[in-house]
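Think of it as A, B, C and D in the order they're written, each chain with its own count starting at 1.
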Amino acid sequence: MINASIIGASGYTGGELLRLLTAHPEVEVVQATSRKKLGEYVYQTHPNLRKQTKLKFSSPTALEPTDVLFLALPHGQAQGNIEEYAAAADYLIDLSADFRLRDPDLYREWYGEEHTAPGWLEKFIYGLPELHREELSSARYISGVGCNATASNLALLPLRQAELLEAEKPILIEIKVGSSEGGASANPGSHHPERSGVIRTYAPYGHRHTAEVIQESSLENVSLTMTSVDLIRGALATVHGTVKPGVALKDLWKAYRGAVNENPFLRLVKARRGVYRVPEPKILAGSNYADLGFDLDPKTGHVISICAIDNLMKGASGSAVQSMNLALGFEETLGLEFPGLHPV
Amino acid sequence: MINASIIGASGYTGGELLRLLTAHPEVEVVQATSRKKLGEYVYQTHPNLRKQTKLKFSSPTALEPTDVLFLALPHGQAQGNIEEYAAAADYLIDLSADFRLRDPDLYREWYGEEHTAPGWLEKFIYGLPELHREELSSARYISGVGCNATASNLALLPLRQAELLEAEKPILIEIKVGSSEGGASANPGSHHPERSGVIRTYAPYGHRHTAEVIQESSLENVSLTMTSVDLIRGALATVHGTVKPGVALKDLWKAYRGAVNENPFLRLVKARRGVYRVPEPKILAGSNYADLGFDLDPKTGHVISICAIDNLMKGASGSAVQSMNLALGFEETLGLEFPGLHPV
Amino acid sequence: MINASIIGASGYTGGELLRLLTAHPEVEVVQATSRKKLGEYVYQTHPNLRKQTKLKFSSPTALEPTDVLFLALPHGQAQGNIEEYAAAADYLIDLSADFRLRDPDLYREWYGEEHTAPGWLEKFIYGLPELHREELSSARYISGVGCNATASNLALLPLRQAELLEAEKPILIEIKVGSSEGGASANPGSHHPERSGVIRTYAPYGHRHTAEVIQESSLENVSLTMTSVDLIRGALATVHGTVKPGVALKDLWKAYRGAVNENPFLRLVKARRGVYRVPEPKILAGSNYADLGFDLDPKTGHVISICAIDNLMKGASGSAVQSMNLALGFEETLGLEFPGLHPV
Amino acid sequence: MINASIIGASGYTGGELLRLLTAHPEVEVVQATSRKKLGEYVYQTHPNLRKQTKLKFSSPTALEPTDVLFLALPHGQAQGNIEEYAAAADYLIDLSADFRLRDPDLYREWYGEEHTAPGWLEKFIYGLPELHREELSSARYISGVGCNATASNLALLPLRQAELLEAEKPILIEIKVGSSEGGASANPGSHHPERSGVIRTYAPYGHRHTAEVIQESSLENVSLTMTSVDLIRGALATVHGTVKPGVALKDLWKAYRGAVNENPFLRLVKARRGVYRVPEPKILAGSNYADLGFDLDPKTGHVISICAIDNLMKGASGSAVQSMNLALGFEETLGLEFPGLHPV
């Protein structure tokens, strides 16, 4: 058994970490901080944890040494105190965007400001096991992943590994997301009468997660288009690219089958009948699976690669726990066994 | 053509008034006030009105004389300035709860404070035409109606008019409502990830609209239970009562048929087949109809009376415009012809 | 490890049994039958089970002996073959309504036909551990529970155990349910454009589950009113009753606290602040918890007792697995640890 | 006043025609046919029309001569009887896909079969007034429009008219649609527990409406990707293209402003603040507006053009009535004044 603490545990990724780690057979959660909810039971904020834990939110200023420290703070807050956090734990897993990019210039370009701890960027491993399993096994500093970047990177994974894409052709990624991506704080646009039933293209281009896709895929000509739809948990990335001349459907089958065989949380969904013929995020709520699908227009070489995830799991807390499992030598899937529900 | 102004036009009832009055053939909207949105086009807040009106929100302190003044303010604000508002217009229609009750004691009991303009209470007519058509024809001061009270009062109407109820037996009213009832301001409970998919019994008993039901029905032993469900516009009241000995299903048919024949916006929905066998609020969005249904357990005399409405229309702005039509001598249904959509 | 088989595994309760039993540490699922889906992988129908099991649907006519046999058939089919099913397994758990009632007369009254195996009725234990934990420990034949009956019976549990109710006063139970209660087969009323956003009171009185409430509560004057709302999993029962003279809020607190302390899957939700102040089914999706709440109008003695469940879990497959755990001597909560999600 | 009849009036487009034409000041609906619902009141199927019309469904074999005949049949049925239908009315408006394409080869390519009345194809005018206003003014045979094609064609309209696109670069159109696009018949995929909350990319490429976009835009390299989301009415097309070198944001502003000024049902939605900054279909339910928006990545020339519509209105019945208005010399907007609701 190891000890784990969570800084910023009242938000949605913090709550998901609490759910996963409370039930994790090798972990004891010793601290969960929240300034706003200080002294309250965590189940008052995360009602699914009632009768699961008696933990109360503590103050982030009273941080105790721990084995693994998870940071689930708003973006920008981790880099300011990174020395302090690193000193408090053997392993540090930061779910914010602060340490996802290796290149301070890329950070500046997409976040519009200088990174305040650029020396730390190289120390972190990008916490997506499907791309960095080996490095994560010996990592001490792990970054979280952007949920939209994750759906994109996993949709690109089989195409890149099998080198099927024309890399210089534009890659357009259309992402549809649920409302939990916006976080736990209410705003006029998240008010139920306004948010319910939307198809709202809130970012036609220029979403910050584009930087993570560029970094992890080594593709230059990538654009993300973000559209909110009526769902709570879930993100679906539809990648539009062009295959190299001669690439056929059977090459895609081989590439995708290979990827799902090598990765316990990847599944291929491509069926001719039934209701569930393509990846759909709704059945992934609470699960760490990423479901992949694809199609090819043989006339034009237009390839469509699809990835569905739960943005709070594979797109955030699930990948973080999976990365922790690798770093600490646990079974990769430990504590992440919930397969999702049907119907849901 | 008459002039109309709306005080507090940035909320949901104000927006619905704007939609109805902008399209009303006998009305010109000359002023719509909002402190918060001062100077903005009304269509920036109510996006359905783009290309419908070039009106901008003006200041409530620059109120100009008008023929009809609608007050769509938060509860409690109309009574403080009632003299000023009454002086500014020939007809005053207040959609808040301030002047719905005739008895200052009843107001104190349910609102927990003294009414500050009790002398005005008797001057107002309760703006539900199905109950006060005649008085509204000569009214100058008209109150709006509570949405939940309206669904309850209309469900009770046929039973009361035909004197079918055992008045001393308890009347339990279970009301299920959509999220627009909570108004246009976001709060933690209205945040989409929290509000979507709820069945949330937020008021097991004691809802303030109970007072309007007691006043309008003359029934003493009435209790309202409020449950929020996943819908934006709509309220359904299920009234549970007991019929007098000997009352049979055919008596109920007669009573309900009579009510819907006498009232242009009441409809009876009671079918043996098809999808729409009972009243449902979803198909009433934007419509001023109230759909009624009923059933009777002949063994016990337990009568179930159902009323579905759009809370923003029949439960608020629609009844207000209908009352205005009566008071000004227009056709009762003028400007209220939209029948609702299917599917929706 | 024991073997378990499921007859009728392509429906929603069958799928939920498959999810629970596939992950259950003491159970191996050896057979799952479906005539319609014969030969297909179970994950083609229940897509959450992809990569969880390679089981295929087999024929119900090729039933092999097993330790525990679950019947998830449409109502009416189990009683015809009960001898055959009983011969095939040491333990029989029937999730249909066929063996829930002990009294053939009560069955005839509510189901409108004679029971065809009345001699078996007495052999079954009603599979709700909160009411029959002791008997279930030595049971061989266990009936499932009606989902709406379960929400009602658990809402009544603390009131009955503490003898707080005036038993002769009418008990009105208003139940709001999601769409999964209607089962896995599409019909005109379940078509998404028609079913989405409904508040549809499809059974004002006379729902068959009333019989189970009468049987289990020993209350005579009970009526259930059923309303469909927009949700997939979940049922909320709001019980309206009358307390005995002198019963106060503190007596209710004591009764409910006692009930949740004695039962691992009961929780009390009654808070003054926060979003989750009352029981809500949405956060229970996939969980076996039943959340209880209550309120009392001290002026009238009107008590409101609320119970939220996932109809496919506590209201069906969850209680069935919990009952199996008791009958076979496993830990009561084994395989039922998933706490539900937030947000969801 | 003219007479109008509707063949195939029990589906969703037929129902929407009934709603529009029943309220149209210059039209009397004399016949609405349905084999399945023969003899039933139309309001039993379209519950919003209760108290609006006493019309009953009649038999399509008892077709009487009429001024305008609307065909709302399943695709493929109009072409077989086109002579008969043309003989029965002065004006024929076919909402199916049968006469949308001018070129029989294009029809064969996309519909996979020979057109059975190819000689009629040239007689029809494509019923989208924004593209064919002049021709529609003298048309006798008018085709309906594909809903997804319409969202695409209107998104492309300003770009094409101002000749801003690099025509040889690929045009990717991502369309998100509600469930009413699938029609009024239930199927396993439209069952509420399965359809609710989906993000389901059911056609990655090759959707038949692509043919209409190619025909109307004269662009060759066009691909449509279709994704179902949780909404009933509404479609949003996001067009991804490339602008010619030198084209800047101000050129786009000019092009879009021009388009919305020339067309009564086009609106431009592009705001910097507020909730409704981009086109959203939800507020268009029941309205004939098409809301347009755009953005440009100046670094790459990647232009994103967005169009939101109600698929049953601008995407079907609304455009059909608008076309009828033009053909018969009525005011173009007559009977199409409903602006939509907020909130909704």
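What we mean here is this: a contact is a pair of C-beta atoms (placed from the backbone, for glycine too) under 8 Å apart; a residue touches a chain by one contact, two chains touch by 3 or more.
A quick note: this is a predicted structure, and the numbers were derived from the prediction, not measured.
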**Message:** Taking contact as defined at the start, I'd like the list of chains shared as neighbours by chain C and chain D.
**Reply:** A, B
**Request:** Tell me, please, which chain's centre (mean of its C-alpha atoms) is farthest from the centre of chain B?
**Result:** A
**Averaged-CA centre spacing for the pair chain D and chain B, given as whole angstrom** = 35
**Prompt:** Whole-Å distance, chain A centre to chain B centre, using C-alpha means?
**Reply:** 46
**Asked** Roughly how far is chain B from chain C, going centre to centre by Cα mean, in whole Å?
**Response** 38
**Prompt:** What positions in chain C touch 2 or more of the other chains?
**Reply:** 12, 180, 184, 188, 191, 193, 196-197, 230, 232, 275, 280, 343-344
**Message:** Can you tell me which positions in chain C touch chain A when the two form their complex?
**Reply:** 12, 15, 19, 23, 44-52, 180, 184, 232-233, 264, 267, 269, 271, 274-276, 280, 283, 285-287, 289, 291, 337-344
**Item:** Footprint of chain A on chain B - complex, ascending
**Value:** 12, 178-180, 184-188, 190-193, 195-197, 230, 232
**Complete:** In the complex, the residues of chain D that touch chain A are 170, 172, 174, 176, 188-189, 191, 193-194, 196-202, 204-206, 221, 223, 225, 227, 229-231, 234, 236, 238, 240, 275, 277-282, 293, 295, 297, 300, 302, 304, 306, 308, 343-344
